[in-house]
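To keep things simple, chains are lettered A, B, C and D as they appear, and every chain counts its residues starting from 1.
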Amino acid sequence: MSEDLSRFDTFPKLLAHHAAVRGARPAIRNKRRGIWQTHSWSDVAREVRRIACGLAALGFKRGDHLAVIGDNRPCLCAAVCAAQALGGIPVPLYQDSPSAELVYPIQNAEIAFAMVEDQEQVDKLIEILPQCPSLKRICYNESRGMRDYTDERLTNYETLTSLGDDYDRAHPEFYAAQVAKGVGADIAGIFSTSGTTGHPKGVVLTHMALIDRAHAVAQLEGLRETDQVLAYLSPAWIGQSVFSCAQPFVTGYCICCPESFETVTSDMCEIGPTYYFAPPRVLEALFRQVSIRMEGASALKRRLYRYFMRVAGRVGGEILDGKPIGGLDRLMYALGALVVYEPLRDGLGMGQVRVAYVAGEALSPDLFRFYRSIGINLKQLYGTTETSVFVCIQRNGQVKDDTVGPAVAGVQLNFTSRRELLVRSPGMFKEYYKNPQATAEAKDAEGWFHTGDAGFIDADGHLKILDRVQDIGRLNDGTLFAPKYLENKLKSYPYIKEVVALGQDRDMACAFINIDSEAVGVWAERRNLSYSGYANLASQDEVYDLIRECVEKVNSELAHEPELAHSQIHRFLILHKELDPDDGELTRTRKLRRRHVVEKYATLVDAIYSGKQTSHVTLEVRYEDGRTGSISADLKIRDAKTFPPVAARKSA
Amino acid sequence: MLYRQTGQFKTTYAADQQIFPLRQDRIAMALLLAIAFVAVPLIGTTYWLTAILIPFLILSLAAIGLNILTGYAGQLSLGTAAFMAIGAFITYNFILRMPWLGAIPSIILAGLCAAGVGLAFGLPSVRIKGFYLAVATLACQFFVLWVLQRVDWLKNYSTSGVITAQTIEIFGYAFDSPASKYLLTLSVVAVMALAAKNMMRGRTGRAFMAVRDMDVAASVIGIRIMRAKLLAFAISSFYCAVAGALYTYMYLLTVEPEAFRLELSFRVLFMIIIGGVGSILGSFLGAAFITLLPILLNRGSEWISGIFNVDISHATVSHFESIIFGSLIIIFLIVEPQGLARLWQIAKEKMRRWPFPY
Amino acid sequence: MGERAQQFGEVILAVESVSLAFGGVMALDDVSFDVREREIRAIIGPNGAGKSSMLNVINGVYHPQQGSITFKGLSRSDMEPHKAAKEGIARTFQNIALFKGMTVLDNVMTGRELKMRCNFLQQALWIGPARRDEIEHREVVEGIIEFLEIQAYRKVPVRQLPYGLQKRVDLARALAMEPSVLLLDEPMAGMSLEEKQSMCRFILDINGHYGTTIVLIEHDMGVVMDISDRVVVLDYGRKIGDGTPDQIRNSQAVIDAYLGVAR
Amino acid sequence: MSFFIEVLVGGLLAGVMYSLVALGFVLIYKASGVFNYAQGSMVFFAALCFVSMIENGVDFWLAIAITITVMIVLAVLIERTVLRPLVNQSPIALFMATIGLAFVLEGASQIIWDSQPHLLELGIQDEPIAWLSQHASIYISRLDLFGAAVAGILVLVLAVFFHKTRIGRALRAVADDHQAALSIGIPLQHIWAIVWAVAGFVALVAGLMWGARTGVQYALTFVALKALPVLILGGFESISGAIVGGLIIGASEKLAEVYLGPYVGGGIESWFAYVIALLFLLVRPQGLFGEKIIDRV
């Protein structure tokens, strides 16, 4: 990205710029009627101008809100920009949300204008018109099935644009003037947070914020005008709108809209995006498809596939990171690329992907490695709506599967005493729309945004997200204690099924452990040591030793993480029964109910912290048939070796 | 496996409707043509050119002709050889009696005459279907041959009833060397194959297939069944006639009507059954198969007789040949009615899907 | 239906005392009814009531022994299928009559036959007119494909499609003829409830969006009554009822002859 | 005048010979809807099988018996290997399959028994009947007469077979519709095998007649082609049609040959029959006795 765009502080200005310098290049490819219909930048500029003028003709004024509801369609993108051009505020809403959910945002922002895709959306709005008196004009793009609609508040796209043309002819300077009026501090849009409880909050983002972030990332990844993105998620999701509105407007790359929901996969294969992003669920689904389809393949293919996937698993990631690899491995990988990886990427439509992000939550490490190993440059991205998405991005060649990488240029990271991640960034949101109190909670006086995520910076300066803050505690020595993190680390060993990490307001971290009866059972048989049932197996010394090794491995790893060096597991015991939803120890979805367990096993907790070597426990269990009985046992408690914290290596 | 399809998107219908939408296919085709036009004439031995490649190409053309009629329009014909004969003899007479006309125009005119005859014998197809039609085409076969045998004028009163092909000259260049003959044949076949493909992928072909698949529906849509059928007959006859002319002038050189017996019709029919009914590519595959198999058999028999030093009479070999052909037809009809073309298509699909099964 | 009634134009198609017999069997016995522009006209009746025969007479597949058909003011005693097509009568088939060997796209393209102008020579050389034809008509066809939401199957051979979709392709092919009258032969036969509903939606949209007059046959009354403006009831080749759905519901003759049988 | 009668009768008798072959087609078409192009080859096959046994001194009747068994075995084989796998295929496909079959049979028979022409002696000289030639000076070959007689008998036998025997009725039922046949309780496969066997038998008889006249040689396979116009005239489904058709073709052909031939250089019987058939087709596509089909939509 050589050209200097600093003088363009709003999207409409950027659009004008692109129309001028790369007017002929494709801005939007829209698969319609079987072919990719291409809209050049100048086309889009023209379209935006027409819509803007049309809206103005219909009485759209600066500061008015425009609800945008529908799939990724050129005219809707244009409508967003048109609203911005008029100094208005586009409010993209989820096209798949039921009419009831549309009521609040429309009432809240007293939205007067709506630009929607088709009959379906129109019907929803008409249904809620009574509750939304503010709504006085609905423009729709596809007139199919709209023949018998008589409501005078409806305007179809053709009318809108022709109105625009007339208005433009009448006031030739109007549009340019409006665009010129805009400044970076103006509001570029209101995006609803993926609201978990209550009404979704409307996050207000300014032009400057979005443009700046888009800029930073464009520089970071070296995005070019020749890049292509497939816009296949709801444009109301901040992620989608950043990728398919903010970034292209900055870098001038091309957005591609699939033909229909069913054809997304095939359309992706056709267009071959170079810049790709997906929430974990999409990548998981893709992977599932791959494995299912491979199951149906011939024996030979399956063998080839398995073999080369092993090769890839061994060296793929490194090769992608440009690390030195043995000649033979390199050869094998090259072979694999020819036979499996490239065809696979091709089949997934990722044959040309240069940069791919997994956004949203974290993706499971194995999947992450899978995609990287077949040569797709997939990277973790940490961001929130409030920060115009980009906070941290993994850098090419320095990808670790358990971090989200270092901060993006311009972003400052900080942590509260409770390890809560604080972000200060040019991409910071202005406010929660009409919700000062929430705004105050989220953004403090110095402009730090409280993410609600707990984490820390690792030795290489990568951000590591531990957990939601409310689950984070601390040891008596004041150092961080992140139970979930510890538990996950331990659970990554096949022998360990469940873990309860203790240590909140204690001197040291300890753990209750559930062994995985199968894995350990197999292990035991190989050592031909006899056992009768779970409780017995769990109480064997050999098993304790086995588990201790695991715990000590974890400890040694923790020792390298300054933040967590102190929460190494000092003592542990193996529970004599499996934690069980029936006994209320796990949720039905097999999540640990920590508080409940701690209360239930209070005696054990005391024992483990009072340094005893064994502890007697009796507790009531509910059997399959609903009868209740009590089992009692003497549990051994063992110490695990801990390691002195290793001084943080300076990252190269 | 070799296909890389991502990024091959189409922004116009023209691009979407081209014969080879995939880049890799276009490259492969270009290579094939390059080899056929440049490499082969350079390295090809006379035997290969005159005894294998030329007849293969010519029969492919005939097969295309029959495929248009039988494969696309669904009208079974057993009269292919007759139309080839017409092509051969009419061309002969044009070149003989109107030398100023030039070779190519003569061939084209011959083709048109054949088309006319085709129309005449296609007329019954308006009223009748299936076997009846097949019989009608048989009638054509016998009638035409009879005429050619009886009317000596057509054979320029040669006592032996055999005609000798004149050397073809185009703009003063005489096509008499094997390589030149091969190139001429190849060019003609290539051009006509392309033309056929164009017709079959467009309006004409759709009309034909509509008539083939469901004639009532076709008529309801406004397709004139009669017109479509007759057109199919005409085009098909034209192709066969040109093939016949080439068969005489580029391959046999001396011909008697007997050269175009019913057996030849059957051979061409077998080509499209084995190669693939309703496929231009299939016509080539089938022709290749049917022309190569006898050669292989002969080689094989010589080899065997060489080993066990028993001599296998040519009669026996040819009997075996007909047995093998016969059984192949039956096998293909049972196992893969769509013929080699279909198999090729499946293989290609697999390549595209690789490593996925579907 | 009230304000719909105003939209209807003149009588576009009139069937006058048509009788048709196969050998001794009387398929149609002196049936007359008319269809007005832009209305949805249903012909219902038990199986074997002569519904399909009626359609086949209208678009010239069968030739009635007596009676005449007046279409767009032109009256004739029998039609030729392709003549009917030329004048703007399209139809779908009860037992789907698609061209099994072709893709969805090609099937729908055949519907443009009458509108195409290029000849086979131009086709062969793939020059100007041929290209133009293929592209222009492809555009139209794609419009229809989009309208009926079968984009995902564009290049699939029809024989691979499930029944419900094949019906839709059949409809698309008929629609490609830009007919003024569209004859639908049991468009919802053998469909699941959802499929039936979506088919209804399509029929209404076609009628609304293209202003196409629609004559449809059904033996199951339920759905038809909701979408049709006027209904003819046949029984054993005779017309036993004609009027708005409500009138039909209350007509004693129909209830006796029809509802008794069907339910 | 007497010459005309002679030609006519000669033609009619020759026609009967055509009918003999045509019968084979009709039988199979009626029962299995297959247009069996291989009928000619079967004639050739049967005749060759028979004659080669005679030449090796096998007793006449024994040879007949053996040949019949061979034809039955052949029929079963064909049903197993060709018809069964192709069931529910389009008639055209089946037709093509029989073309393949024809090639196999011809190839096989010429490999098993060598391909030179054989003479076949039935003990009836191909010479005019003395009485007629003396009194009416009409020359008619005894062989022709004999052939006609045989054909007549054969038709009678078949008629009895079809109307009186259970299998025969089953066969007729199949012709009408397959369900009916199943209800009679004979599996379709068996019926086909049987019908092909019967066709095989008919082929044998035809083979003998033609063999006796022209000698047993490859050309015998073309007799089938001769029978096709007969079928078109008579219709594929009707036995009586085959007979009548045969007579018409035979007669008209001979007449044409004698009265038209000279003007066009003779040898017209190779195609004349077809042309008649075609002209006839345009008038009545379903043949003399076939019934009209209305295709329903």
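Note that contacts are C-beta pairs under 8 Å (C-beta built on N, C-alpha and C of every residue); 3 or more make two chains touch, one makes a residue touch a chain.
Not measured: the values here are computed from a predicted model.
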Furthest chain, CA centroid comparison against chain A: D
Pair exhibiting more inter-chain C-beta contacts, A-B or A-C: A-B
Chain centre separation in whole Å, for chain D relative to chain A (CA means): 81
Geometric centre distance via CA averages, chain D-chain C, whole Å: 49
Distance from chain B to chain A - Cα centre to Cα centre, in angstrom: 61
Averaged-CA centre spacing for the pair chain C and chain A, given as whole angstrom: 51
Where chain D touches two or more other chains at once, by residue number: 297
Per-residue overlap in chain C, given as positions that touch at least 2 other chains: 61, 93, 97, 138-139
Per-residue multi-chain contacts in chain A, two or more chains: 34
In the complex with chain A, residue positions of chain C that touch it: 105, 138-139, 142-143, 145-147, 149, 151-152, 154, 205, 208-209
Residues of chain D touching chain B in the complex: 35, 81-82, 85-86, 89, 91-93, 95-97, 99-108, 110-111, 115, 225, 228-229, 231-232, 236, 264-265, 267-268, 270-271, 274-275, 277-278, 281-282, 285, 295, 297
Chain B-facing residues of chain A, complex: 29, 34-38, 269-272, 290, 293-294, 296-298, 301, 304-305, 339-340, 342-347, 349-352
Complex contacts: residues of chain A adjacent to chain C: 32-34, 144-145, 147-148, 259-260, 262-263, 266
Partner chain A, residues of chain B touching it in the complex: 1, 3-13, 15-16, 353-358
